[in-house]
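What follows is chain A paired twice: with chain B in the first complex and chain C in the second.
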Partner chain A sequence: MVQLTINGKKVSTKKGNTILEAALDNNIKIPHLCHDKRLMPYGGCRLCIVEIEGRKKPEASCATFATDGLSVWTDTPKVIKIRQTVLELILVHHPLDCPVCDKAGECDIQDLVYQYGSPRTRFVAEKNHALPDTRGPLVELTSSRCVLCGKCVRLCAEHQGKGALGLIGRGFPTVVQPAFGEALECDFCGQCIDVCPTGALMNKSLKFKARPWFLEEKDSICSFCGCGCTLTLGLTDGKIQRSRGMQDRGVNRGNLCGRGRFGFDYIYSENRLRSPMINKGGELVTVTWDEALNYISDRMKSIINAHGPSSIGAIGSPRCTNEENYCFQKFMRNVVGSNNIDSSASFGYGLVEKAWHMAFGLSGHRIDLKYPTGKEVILAIESDLTVTHPVFGLNILQAQREGSELIVADSRETKLTRHSTRWARIKQGTGVVFLNGIMRIMMDRGLIDNQIVLHMKDVSAFEETLKEYTPSKVSEITGLSRDELVTITETLVHAKTRMLTLSIGVSENSKGLDTVLAATNLIHLLGESPDALQIPAEYANTFGLYQMGVRPDAGPAYQWTGVEGKNIFEMLYEPYSLKALYIMGADPLVNFPDKSEIITTLKSLYLLIVQDIALTETAKFAHVILPASSWAEKEGTYTNAEGVSQMLPRLIEPAGQSLPDWKILKNLARTMGEDMAVHDTTDIVREIDSLRVKYYDSFPMTRIFNPVHYVPGEEPDTEYPVNMVLRDVLQHAGSMSTRSKTLNLISSEALLEINRTDADRFGISHNGYVKVISRRGTVYLKAAVSDSVPDGNVYVPTHFPHSAVSTLTHQSGKGRITTEAVRIETA
Partner chain B sequence: MTASELIKKIFFLEIIKGLGLTVKHFVSPSITRQYPIEKREPVPGARGLHALVRDAETGKERCVGCGLCAAMCPSQCIHIYTSEGEEHQKIVDRYEVEVLRCVYCALCVEACPYAALVLTDHFEYSGYTREEFYYTKEMLLANWDKYMSGDKGMNYIKNFWRPRSGDFAKKVESEPAEKVEK
Partner chain C sequence: MLNETALQEIQELKIRYPERESALLPALYIAQREFGWLSNEALLHVANVLNLPEAKVRGTASFYSMFKDKPAGRNIVQLCTNISCMIAGSDGLVNFLQTRYGMKPDETTPDGRFSLILMECIGACGTAPAMLVNTDFHENLTEQNIGEILETYK
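Entry: the complex of A and B
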């Protein structure tokens, strides 16, 4: 700690902090325009100028380190005069079109001029009249209002690792611009909008819609990925108008990705369900709640009577709150009497939990968003966490900037590989071989952590299974040179702190349970603690859903049920295994693999209930559709991938007659003559709390090797010569985000990413439509010719209902790698 | 009791004085106005019903929808809805005043940087429903035409509000208000 005096007050601060940071930490205000906590000191605006005793000239506090014994004065007449002049100079060309500038009211320039500015200006010059650049879809750049603080440019390059903006030119004509003055084409995280102190960079979706002083701001939690970012939502007239991140707020510390910032408007989609509907003779007819619930109750009861409760299944949702998922499983277990309940997590987080249990005997795998910070080596396996979990990804990038060695083993070029210190370009789906190869080298060279490994059973048996992964074989399968593998192994072994990470979920197919198990084996050999494995739960409440017992084998708080119900594979891919299916907040036909197989199952059902916020593809097959309230329309909690449970406030009125899911379940139970004993969410919370006897930490830790062998996905052959890999796109998470008008402006359909060589081979042009044929189906997609993907492979996202990529895919039933072999033709 | 006090009491002098005043007023001209029949000319700058200034050049409202008036209004009776126009300009879709809630403080007029809003001297308005007093943009513009026709409006702004905006200063110079003053 460093001790210094600011304005006569003794303060202390961390070593390495600047005077400005020391002041801000101690609630002393120094005006600043170009400083941002996340960025390197810049010292461009000179507003943070202060006087330091014993130094002749005033200095910029944001670029001067706080040292012991300094005595700083922040508001002397001299510095005030300097600030006044600086502001006067800033305003020489500034258009001051505040009445039509959406920033007015929360504009730093306005505030500073109000505080320091003099009403008269001594410099009269032509105002800057540059027109706004309205070309981009989401971000509007009005360079006339820019004060050249450079924050956007630095944030985009330093913090986001994108570098889409630059300061172009010298002197007066300098402007902030994307390269070559083109329209802004970037990740669309919108972080530049948040940092811009002026109205130069603005959120286009808010343009002229609401003045900041009319926005009522409330915090809520993002409903997309597992990071669980805090969104500060601005409302007018009971409508959410914008979402922004506030510095230091929430687990995200003010960072947001584009989905959280722009994607919330899916709740205003025209596709929203507003009243219950029953399929009467092939047509969906709007009915009253009473009619719908009675209909379900009657059908359910007769099915239970005729076929028993085990003929009824249920699929829960990572978009629903903990309380709702709790009620859902309670409804299934207590009212229906069946353990047939599962969710999309079985394709992703459920596998992690399984591996976690098999390898360490633990439950409730959590990550720590801050974990990457300060780790010597970070190894990411076939994942781009900057896409699946953008805010976690940012922390990885930051760790790399701060000196961590970032090794990325991935088949395609991603933001993570671009920022890696070493990109091991392995072939798609060969993560297991890569990891086994590393372990084999470790074994051979005796680089294992003996203290831990020698106490484990079956070491030799495990070693035996690694025998076949000789460096030459690994090199042949993964395409990685032997030397590279050895270097990576050595780096990993010699590091003192490490992190292994990957993402896994239903929207990806080149990883599976095997990949996670191989990673746990590596953790054992390295003698690392299980925490070193950081695999985030995929969606907003995937973690919570699992904890609440929406799984066939265990109830809430990881209490094993004894009788294992049907899992998602048995429920969806084995036609006639069920008579009734209750789907809450999931769209298997879009998100899950093998659409046609699922359709067969859905058609075989006597009763399909779909409870969702919008008319999903799956809902179109339903007998009864129940409208649910969206995340902003109800209270509840989400538990993020860190295991942190966060409150969702009720912000707006529910759409139409929609109800929160728990209320629907409660009413349905009552209609069926049962009482769920819940009247409001506090009842449910109390009940959940009383159940949390067995929490993740109360399990004793063990260490067990789980040898895995490489099982490739579908191998390409002459008929289907190309590998199809499923990968997420940055703008979407799941399929609900595709109902956001704003996000659709930047990503509205599934693009098939294909290498130039392959494109030439198949005669495909950029942006042209192609026919993709797999053993299961055919779809038409737009092609994006890209050098980021290796040849012989195409990469496709699943999010988009109308792109119907799930028509092409298959599932293995065992959480295996399921890359597809496809054929591509021009359409 | 002194002698003079005694005399006052005996001859009811105080009462006679009082009656004298009554008689004086009885014969002096009346100052009571017979209001609905007899109307008073409002003093210049009186604050009454709202009007949105119609720009002489464009024939449209001068208001740019900055919302400062609505932000200022202590009774929160101004509601503004704006959107982006074809040419990316700001469009005032709706400008509404619940005039019954107005307290005639004229803070809105004072706040407006463009002199786009005035309180006219029309003060007589009555009706049977509240809805009638929910003034829309079109009604407010019509108020300008009706109650602030000719030079009256600009004089009003010039003499009582003098907004600081450079835009306005220029405009006023070229407009009749200035000439009339000279």
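Entry: the complex of A and C
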């Protein structure tokens, strides 16, 4: 710690902090325009100027380190005069169009001029008349209002790793814009909007909607990925108008991705369900809650009587709260009497839990969003965390900037590979071989951690299984040279601190349980703690739903349920295995593989209940549809991938007659003559607490090798010559986000990413439509010809209902790699 | 497209600095040497080779007056017209260059022989007025010697 004096007051601050940071940490205000915690010191605006005793000139506090014994004065007459002059100079060109500027009311320039402004302007020059650039869909650039603080440019490049904006030109005519003045094409995280101190960069979706002073701001949690970011939501007249990040707030510390910032408006989609519906003779008819619940109750009872409770199954939701998922499994287990309950987690987080248990005997795999910080080596396996978990991804990029060696093993060029120190371009789906290859080299060269490994019983058996992964074979399968493999191995082994990471989930198909197990084996050999493996749970409440017992093999708090229920594979892909299925907040027909197989199953059911916030593809097959309230319309908690439970407050009125999911379940139970004994969410929370849900076990820990072999996905042949890999896009998480009007402006359909060579081979042009045929079906997609993907492979996302990519895919039931062999033709 | 030698030079620059960004200015110099000026294509090319954001590259190139954003003549005359040179008569020299050679600020003569750029201070105030022709430095200019000097540039 460093001790210094500011305005006569003794304060202390972390070594390496600037004077400005020292002051802000101690609640001493110094005005600043160009400073942002996340960025390198810049010293551009000169507003943070202070006097330091013993130094001749005033200095920029944001660019001067705090050192022991400094005595700093922040508000001397001299300093105030300088600030006034700086502001006067800023205003020389500024158009002062506050009356029509949407920033007015929360504009730093306005506030500063109000505080310091001198009524006189001594400098007169041409005002900046640059016209606003309204071409972009989400970010509006009015460079006449820009004060050239450079924060947006630096944040985009330094922090987001994108660099979409530049300060172009020099002196007075300098403008902020994309490189050549073209329309902004970027990640659309909107982080630049948050940092702009003026109205130069504005959120277009807020334009003309609300003056800042009419916005009432409340915090809630993002409903998309497992990061669990805090959104600061601005409301007027009971409607959410915008979402932004506030410095230091939440696990995201003020960062947001585009989904969290722009995507919340899916709750206002026209597609929202407003009342219960029953399918009567092939048509969905609006009915009362009473009719719907009685209908379900009668049908369920007769199915239970005729076929037993085990003929009923349920699928829970990572978009629903802990309380709701808890009630859901309680409804299934206590009211229906069935353990047939599962969720999308079985394609992702469930596999991680399984591997975690097999390798370490632990449960409750959590990540730490800040884990990447300061790690000597970070190895990412066939994943782009900047897309699946953008805020975790940002921390990885930051670690790399601060000196971590970032090794990315991936077939496709991604933001992560672009920022890597070493991009190991392995062939898609060969992660297991890559990892086995590394381990074989470690074994051969005696580079393993003997203290740990020699205490493990099955070492020699494990070593035996690695025998076949000779460097030359690994080289052949992965496409990496032997030298590269050796260098990577050595880098990993010699590092003192490491992190291994990957993403896994229902929206990807080139990794599986095997990939995770191979990573745990490597953790053993390296003698690393299990924490070094950081695999985030995929969606907002995937972690929570798992802990709440929405799984066939265990109830809440990992309580063994006696009879193991049917899992998602048995329920959805074995037609006639169930008579009734209750789906809460999930759309298997879009998000899960093998659409036609699921349709067969759904059609075989006597009763399909779909409870959701919108009319999903799956709901179209339902006998009964129940309208649920969205995350903003009810109270509850989400547990993020770190295992942190966070409150969702009720912000707005429920849409139509929709009800929170737990209330629907409670009412249904009552209609069936059972009492769930819950009256409000506090009851549920109390009940969950009384179970002492252990989110995670730390001891006793064991270490077990689980040898895995390379099992590729469907192999391409002459008829289906191309590999299709599923990968997420940055603008979406799951399929609900595709109902956001705002996100649709930038990404509204599944694009098939294809290499130039292949495009030529199949006669496909950029932006042209293509026919994609797999052994299971055919879809039409728009092609994006791209250098970032290797030939022989195409990359497609699943999010979009109308793109129907799941028509092409299959599942293995075993958590295996399921890449598809497809054929591509011009449409 | 940059030729092999130029690319090689840039690759070597990349290793010389701990940050890729540091190689940007010298790389832009190389590109300008090759093409005579920095077109958008040239900037994109440099961005790709250095793996830097295009906006960063264009921003840097547009900041420095020694980088040309349009084709230039065979010889680049950079005449200082800042305060010391102005007092010592640089305005007269500008007129002289226009009448004698048809040189206009920021333009290239029709025969492609000269491009004229009016510079901010080039650090030769003590021997003002001063100019740079390509990379050669000339000071204490008068209407007489400036003509003689320029005659050596064809």
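Here is the rule we use: the second predicted complex is superposed on the first by the 822 of 827 C-alpha atoms of A that agree within 3 Å, B and C clash if a C-alpha of one lies under 4 Å from a C-alpha of the other, contacts with A are read in each partner's own complex, and residues count from 1 in each chain.
Here is the rule we use: contacts are C-beta pairs under 8 Å (C-beta built on N, C-alpha and C of every residue); 3 or more make two chains touch, one makes a residue touch a chain.
Owing to the predicted nature of the structure, the values given are computational and were not obtained by experimental measurement.
Look at A:I168: by the touch rule set out above, it reaches chain C but stays clear of chain B. In the superposed model, A:K375 makes contact with neither chain B nor chain C.
Using the contact criterion defined above for the overlaid structures, shared-chain residue A:R366 touches neither chain B nor chain C, since it reaches no partner.
Of the two partner chains, neither chain B nor chain C is touched by A:K415.
Of the two partner chains placed around the shared chain by superposition, chain C is the only one that A:V153 touches, whereas chain B remains out of contact. After overlaying the two complexes on the shared chain, residue contacts for A:F214 are found with chain B alone; chain C is out of touch. Legend: residue contacts after superposition of the two complexes on their common chain; A:K595 is shown touching neither chain B nor chain C. Taken together, the chain A residues at the contact with chain B in this complex read 98-100, 104-105, 132, 134, 207-209, 211, 213-214. Taken together, the chain A residues at the contact with chain C in this complex read 153, 157, 162-170, 177-180, 418. Those residues of chain C whose C-beta lies close enough to touch chain A in the complex are 40, 43, 47, 51-59, 62-65. Chain contact summary for the complex, chain B toward chain A: residues 64-68, 70-71, 82-84, 88, 90-91, 113-114.
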